[in-house]
């Protein structure tokens, strides 16, 4: 169930260039189950900035009623978010949307998790849950440059982890698709989150595979009421059938919606 | 000289119902001299609230580059101000305007300082400076009710201090004018700050005395450029001559402007 | 005290004067997961057109300082589905519906209005002559008094329930528009719709909204709405449902003082999805503090002469 | 790089395109205590009328969410004093003045314009046909195209310097107004003036501003200004000085992309009195980051076709 709650900041730290890790505590953690869901944050009490900001859930800790997000502080809202200190409270709406299906991969099968930049965080909780189920996970993480790389170590503890940077300043040079090709990585199910061009490339390349993609779109309400975040469906690309990224997604099976 | 500076919160505490005492540190303290001047505070980084808030300087501590304000947290801006904690910074513009003339009272003479509610704070620095000069000070402070009373003890250390509350829940019941009358207080110069009806009453009553009043008006710029805070002059009450509360005032000699 | 919020307007007997604004609440399904829709005074459902519409390409929303732009483009499932699915579904709640009618041409408006007005739970229509985000139609209906009057009359002729006309703020003379639709037979007004605005992304050089322009809503526009309601309410004798940046019980009172008889909440539903029930809960205490027995005493208080005012405790 | 901000508009050869907006900077005296006025591209001085005016009663300003209302009422010392005291005083600075001309009747406008245009440091006039805070005159000039055109022509006839006309956003069709004053001979446009708005104090029940309505300015109105400049700049061939909620170097670029050729800063001077020099200082780096050699390359970038665009580094 969707809840609104003032959650307490447990910790916040910078983990890469412009990238912050923020852990909050609140009762709504017990509503979180699927990795890939997101929360909608009202960052300031005031009306500037006015809109909530959608941020993925990167880690769920039911035991301590805590969850973690990893985000890039770039615009007005996320920069203010980066100022929050331990003990401050943040207005959280969530959990929202539908995440990655754990059930799609059987125990013993291999899941390939491909993340690009700020699309990496939700894959962490996904990976943890897949590993717990007995799925073999392989991670391919792409970043702009070495100073933007984060969470490599954390992913490595869960499974083989490849890192690529666009400028080659860390890991191998190039895109996540290069890594998959160069290393001839095979998999049963592919889960991915990142910039749209990356998602498109993966969708095209693995057209006959089971692929789940997490999408981004500008949002108003975040709960499906305002029609800000719609996309066309794959079977009716010009018509008036649609899916809402916020409530039907953000995770869709490849082909389900038009990227 | 007017300066703009990010000043650091040294301390903040609640001293009466809705009333806060806030001490800031910054280089612009060295520009402060006249009691009765004010600063203009931009309380949040964001544009909500957008306008600065004028708050009087209640105490100046040149040695530590600190100054103190006392304010009532009621509206949007002052409520946010009350949330500021030690170590936070606040954007201060000041010192602004012209304050109470110390020179108007000679050493050995008696000054009567009359404050109403949130008009009391600037009288504290005034009293300190008068006492230092060798002036005898008498304070008459009016408040709504006992829970709104503040700084009685501090004023008492400087001179005789009378307190009145409207509902009689503390001190004597009634208005500051009642106290002055009942106690037959005499003085050479009267300095006052508080609600306009109180200022009007004092102006009328002591028409042939030397009286200085500190005014309040809605402000835009705070520095004399926007013409938000003008009032008619006493010698041309219907004409187009004017004074600006922010830069010509906030302290005027009684009769100088139309209340 | 408990009845201090009950109001009665043409077609609408409401337990309270608070309702979500059209387009900011869909058809209520999503918010029904959060609270009981029967708590609301009414629901203004999303604009309905004759045929289903996909609407504009994304991005459809952009944030502005204390406001937002939207160019949804009247996405909706079309008249038939709204009747058979959405309105039917809403019948489970004890809440009157105000159905927002949109179109590109006159015939569409008339057809949609006629049909929607037959639905059991539709107690009034809201004629949306002011949607800034559709290239054809809409805007002319909303800016030319004669055109607006004519459309109002035609819709009135076919509607089985009272008709409220939603005014656009993007005009030189809002009073003229209001009087025109009153002349056309409007039972009430709803105002304001959004101001036309734009934001440009300085990194890409193009407008943030794919449709280029969008409708500006939120607290940023509240002073414009208050001013227009203040002007219009003194010049017409039909009631006004006010909207534009309402965020709190205090804002509701400000709208009433300006001249409104009920208040709709739009953008604030995105900021705080529980805002409508919160405001409904806070209003009685606020009224009490201000010395009113009933909210309707507040209407027009900023301009009414003393003798026109109903009872007010000192 | 150092010349990347120099611009040239009718009558105005400016070291940079940033200037305080009329009414938000007085005649410069107060700000001269804070920084050297010669740093500014130009100064738009406060509206000047034939006779001295006291203006409206106070309160004259009110805060709104991300904006403010003002109803100063054109307070100014009158033409003679502006000439002999204010403009004379400003001569010590190396900064062109754009003199804002206001009035209640045509004759006043003409008389003030004629005289002001003779001042040595007045390089252009800004014809204020759009002040929302004076009951007579102003508003009709700003909303009826023929009236605006006529006044523009008459002022042009007497002015010794180029005339910019300041447009009101409170109209249905801003393009029509812009074209009318262009036809009347305007050398440029300045836009936008404030939107008419109101706030009501819920404790007293009356409007916060003594004049009741006031002009809404600040970031709240920026999307409306950007939209209007985007529309108008595509339809006229005279340059536009843009304004409305400008707070940062990024905002300046957004105005340029929309179609402006220079930018004025109003309300932001109250929020941060050093804002103009700050923006001037930040602009060269921002231009560089965005790949421009000169700020004028940015004008109209959001709508110009590729082949119309001047050089832009990849």
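Here the chain labels run A, B, C and D in written order, and each chain numbers its own residues starting at 1.
Methods note: a contact is a pair of C-beta atoms (placed from the backbone, for glycine too) under 8 Å apart; a residue touches a chain by one contact, two chains touch by 3 or more.
Note that the coordinates shown come from a computational prediction; the quantities given were computed from them, not determined experimentally.
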Just tell me the minimum hop count from chain C to chain D, counting one hop per pair of touching chains. 1
Touching chain B and chain C alike are A, D
Taking each chain's centre as the mean of its C-alpha atoms, which one ends up farthest from the centre of chain D? A
If you tally the C-beta contacts, which comes out ahead, A-D or B-D? B-D
Distance between the CA centroids of chain A and chain D (whole Å) is 46
Distance between chain centroids, defined by C-alpha means - chain A, chain C (Å): 36
Counting in whole Å, what is the centre-to-centre distance of chain A and chain B, each centre being its mean C-alpha position? 54
Going by residue number, chain B touches two or more other chains at 47-49
Hey, what residues on chain D touch two or more of the other chains? 65-67, 218-219
Make each chain a node and each touching pair an edge, then name the shape: line, ring, star, complete, other. complete
Applying the document's contact rule, which stretches of chain D touch chain C when the two form their complex? 64-67, 69, 143, 170-172, 195-200, 202-203, 205-207, 212-213, 216, 218-224, 226-227, 230, 245, 250, 253-254, 257-258, 290, 301-302
Please name which positions on chain B make contact with chain C in the complex. 47-48
Under the definition above, what is the set of chain C residues touching chain A in their complex? 23-26, 29-31, 33-34, 46, 52-55, 58-63, 65-68, 70, 72, 75, 77, 218-219, 247, 267, 269-274
Per the touch rule, the chain B residues reaching chain A in their complex are 44-49, 76, 80
Would you pull the chain D residues touching chain A in the complex into a rising list? 65-66, 219
